[in-house]
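Next, two complexes with chain A in common: one pairs it with chain B, the other with chain C.
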Partner chain A sequence: MTSSLKSPAATPAALPPETLVITGWSAVSPHGLTGRAFAAGVRSGAKTSVQPDEAYGPLPSPEVCLVPGFDIKGLLGPVGTAKMDRLTALTLVASDGLLQDAEGNRVVETDGRTGVVLGISMGSLENVTNFLKQSYTNALPFHVDAGRIPFGSLNHAAGATAIRHGLTGPNTTVAGGRVSGLLALNYARRLMGQGRATKYLVGSAEEFSAAHAWIEHTAVLPGDPSPLLGEGCGLFVVEHAGTAQRPALAAVLAVETRVDIDDDPGTAVTACVRRALAKAGVTADEVWAAVPSAAPTAAGRAEHEALTALLPAEALTKVPSMELLGDTSAAAATFQIQAVLSVAEGEPAAAGRIALVTAVDRDGAVGCAVLRLLDPNLAPNSDPNGATA
Partner chain B sequence: MSTAQSPAAPRSGTPDGRRRVVLTGLGAISSIGTGVEEYTEGLRAGRSGARPITRFDTEGFGQNIACEVPDFEPERWIHRVPLDDMGRAGQFAVAAARMAVDDAGLTEADLGERQAVISVGTTDGESHDIGVLVEQEIAAGDPGALDPVLSRRINAGRLSTVIARELRMPNVEPTTITTACAAGNYSIGYGLDAIRSGEVDIALCGGADAVCRKAFALFKRFGALTPDVVRPFDRNRQGILTGEGAGILVLESLESALSRGAHIYAEVLGYGLSCDAAHATAPNRDGIARGIRLALDDAGVERDEIDFISAHGTGTKANDKTESAAILDVYGDSPPRTVAVKSMLGHSMGAASALGAIACSLAIENQFIPPTINHVETDPDCPLDVVPNEAIDAEVRIVENNSSAFAGNNAILILGTYGERV
Partner chain C sequence: MTTVAPERLTRIREIIAENIDVHSEFSDTALFVDELGADSLKLIDVLSALEMEYSIVIDMNELPKMVNVETTYQVTAAAAGW
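Let's look at the complex of A and B:
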């Protein structure tokens, strides 16, 4: 090991005890069903777009970045899944990957104050549009499929995660599109800081559906292309450094958000990044890897330009572009952090270095998180194989 | 005025060093009145917001009553952002936010670059717009025949960002919370935590929802829609009416409020969140009781200090029975008076607990307890003094505001008279 060369900050023990640390993660993504598949896919720069099955009906775009092999009943069993929406299923499979090993044994301890916070855009649009279609076209307007109703609640995926794993702590759903993963992370940080939870499952999710595709297609602003859409769910376990039960992969030094009120996303991103770096107590020169959302919009291009102007050029090339996953909307910011962790896992030089992710959303939200990458091998009870489910 | 108040307690934090948080501005848009004055009058008079639905075609439903906001004039409150940048729920949210900051005496110069949280809770967001998009697709027989103006504005995150745009507040955390019918309390709690953390001094929090076909069809299908009026805790209750509106509250650190001589309606003493982790739609007695206990603990309030409870009180068989049992579990045989403002407002979904919190603030401000209207015979399964039909004058110092949501989420808020807490 080269630990003698590393910054002392690479060890969790050097962090203030209330620092939020990421101690595990899982991803159900266009790269596959597990964090391992995601990490391998990110590191190889694999393309994920496919031609969707004809069962989707007409779609505005010939390709989409779908989670491969996502068979809900096969993955979650027959009970309670017949009418389950895809968003909930993506979240539940990700939660299994987060808390359990491949054999289904629980590997992350939880208690009565373990919280869940999930970022979304607008839940399962397939569920709500199908419900409304039934209401408009069936013999009577309330002749709708009652069995699907619970899945149409915007907080269902988070609540279902709690039910599946017996998590009775604070359970929250936040909406913010591409920024929602950062809003969720900050929400967890705040509530843990106030002693409301001992640890959190935190992340964000988006499902692909024809309804989502057509709404996104028609929402495109003049001059922007119809988006190549992606989907998936990324989740983290976060704990306080002082009480973490598992090796820390990264410390969350700052999460800052802002609203672009002047239709000038570049300026908003610049202000947000500067504030986040200041809060984290690091300089722009220290940023080792930076991952913008790569949104296929003017705001996404402005985001990239803002980071190019602010940060070392090599920081923006460390992690392959998120374009390879498609526009994963609400799942994006969580996947961005996981992409950095994936690259860092394969690079011993990453430990102790600074990573930064940004996000911009159509509704005007802007976000930036600053992390310090840690070397999990330096932590007591090191279990690097368990860290990435 | 009760809050012209006993002199400020000398401490600026609670005994454990936490920062204190107070309410300095209220914005209410409801089916029984818009603005603090009208809303207070509506609560005192026990007004009913029930009226025929105008938002969508109710043919075939066999009923057509909801608690819509009548005569809403968004242009009175929304000056900067084009009105079609947001749907009805967004318009309610922005108008209520403008009302709340005006009520707090905060100018745009006061807000400006100030770091703040804007957190709007919602159940359905702009689901009415999604319904219109589905109608457009069906009418055209073409999934691409969607109005781009609507497609762009359906995501719930916009409910918070559009307030920032209208009020010219760029330096904010725009956290829309979509924890369904408990979302208003969740948002207020989040603002409390953000200010307690010391990271911000101000938060605009609450909830907004608009009457929509989705909610109406859903509750009709579940058999949870009353054919006439909402009778919470009554033996013959038959369900909810869907409702709408927005409640936005200005939460401010005590230091900030005192330094600018702001009027203080009430102090946010604490809140509790619990998750049943049990059933996707059914209320859960233990989960609600745990949420109440967590809130009391967080507030540092004893059970016998609660002057009344503003219940979730939807008027369904299941909720009212379960919530009553949870209240008795916590409070024993002599629970505080427990009222359901949903008897007047219907179920305004994500706005419900925000409008409930504003009702509690106004009860503290004006020393009265709003009634549970339409009440004939208390259900033996709900052995509570529901303050039937007529508001009462009462000494009101500390109040509990309950909310629960599908997916097993409970959020309980405790408000108190500022300055009188021992």
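Let's look at the complex of A and C:
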């Protein structure tokens, strides 16, 4: 084990200028409504599961990891929220936390080519299933709440975020389940590399609802308990290292995805991680922290075993297990990266180290991101000796 | 002119307020588009919400007549046979 002996440069100046860097993040999670609450919750290893309100009706699992105090109208105001789905609301609150201070003043500069890419699984299942139920059970099939139709489109949360903050760059939704946070990050990296956007809001979101719980329940193998579900939205601001306007927290060295077509997720994760490390130009021994998705599935267990075989043992214990947030599905991979950033924030020795995040989905999608943690106290484009460019 | 049933008028006002997204007082003659800021999508939301509430069918040709609470009540009453 050699990772503790390595001390790579922890400044954006040491990176090629086109390297994607994370310069801000926010989280609306079972730990609370802010990134600060998330970081504190992750570092303390706090449990977030609660007994759900009776208003949800019968549920397949006795506990759930909900965003506490998530009152849509209270947080976003009465206008436009009467029929808003929870997924959109989670995303909008996270975007406010990312771009604004507590008083609502914009603190992140954006321009006409700032894009939004959001990872989801199936959108707002509650909205869609309620709509279908109305169509099947009301007097006539078109006796449905038309005001909810826009919220049923898969791209609504990403579109509403762009409209709320005037972000006119590329706007995209990527539906990839647990891997979607990494797919979204890769999407942003690719489009910025092609010059189609100067900056991106990128992340992923999942809402909890009874419909979501029962659909997940149907996918459980016989004998396995229904999963403890979570919800939330994590967002990043990503920029190029050469033009970043804010201190960089981490550099995205590689994002690799593939599909497990042999029903052998362990082998797929191993190949994906090896490829990602090779693209990043680092070795498995250099990985300081690794965060698997901790999905409560056979694929999730295979993912953990693959990382255990590949990486230094201490890397897998640096960050508390994502199980503490419940299965946050599409939000998971973003929360995993944010969990690494949270732990790194409290450890000065983390700067310059390598972090690795993996995700697996039941449909066979596999993903891996390799990051270099940076020292946020150093200004963007500053040289390692402290002179600001 | 239809005889107005107060409890139905109250409910129709609630449906209009919710679907046009109005959160302050407005009169029965306030124009949805010009005074309350409604767009065409919200007018269809009002029509479909009234259809669902009263299990009726309102002909789309009636939509242009639904310009305020008063005329919306009349169109709804005609469709419902009140």
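Just a few scattered comments:
Convention: the second predicted complex is superposed on the first by the 368 of 389 C-alpha atoms of A that agree within 3 Å, B and C clash if a C-alpha of one lies under 4 Å from a C-alpha of the other, contacts with A are read in each partner's own complex, and residues count from 1 in each chain.
As a convention for this text, contacts are C-beta pairs under 8 Å (C-beta built on N, C-alpha and C of every residue); 3 or more make two chains touch, one makes a residue touch a chain.
Since this is a predicted model, take the numbers as computed values, not measurements.
By the touch criterion defined above, A:Phe142 reaches both chain B and chain C.
Shared-chain residue A:Gln100: touches no atom of chain B or chain C. Legend: residue contacts after superposition of the two complexes on their common chain; A:Thr308 is shown touching neither chain B nor chain C.
Which of chain B and chain C touches more residues of chain A is settled by the count: it is B. Using the contact criterion defined above for the overlaid structures, shared-chain residue A:Ser226 touches neither chain B nor chain C, since it reaches no partner.
By the touch criterion stated above, A:Lys133 is placed in contact with chain B alone, chain C being left untouched. Touch criterion met: A:Tyr187 reaches chain B, while chain C stays clear of it. In the superposed model, A:Pro78 makes contact with chain C only, not with chain B. Taken together, the two complexes place residues 140, 142-144, 146, 150 of chain A in contact with chain B and also with chain C. Across the complex, chain A is touched by residues 18-19, 21, 23, 41-42, 44-45, 47-49, 51-52, 55, 57 of chain C. Interface residues of chain B facing chain A in the complex, by the touch rule stated above, are 58-61, 118, 122-125, 127, 130-131, 133-135, 137-138, 143-144, 146-148, 151-152, 154-162, 164-165, 168-180, 186, 190, 193-194, 196-197, 213-214, 217-218, 220-222, 273-281, 287, 290, 405-409. Taken in their complex, chain A has these residues touching chain B: 57-58, 60, 116, 120-123, 125, 128-129, 131-133, 135-137, 140-144, 146, 149-150, 152-156, 158-160, 162-163, 165-177, 179-180, 183, 186-187, 190-191, 193-194, 196, 210-211, 214-221, 257-262, 268, 271, 361-365. Contacts from chain A toward chain C in the complex involve residues 78-80, 82, 134, 138-140, 142-147, 150.
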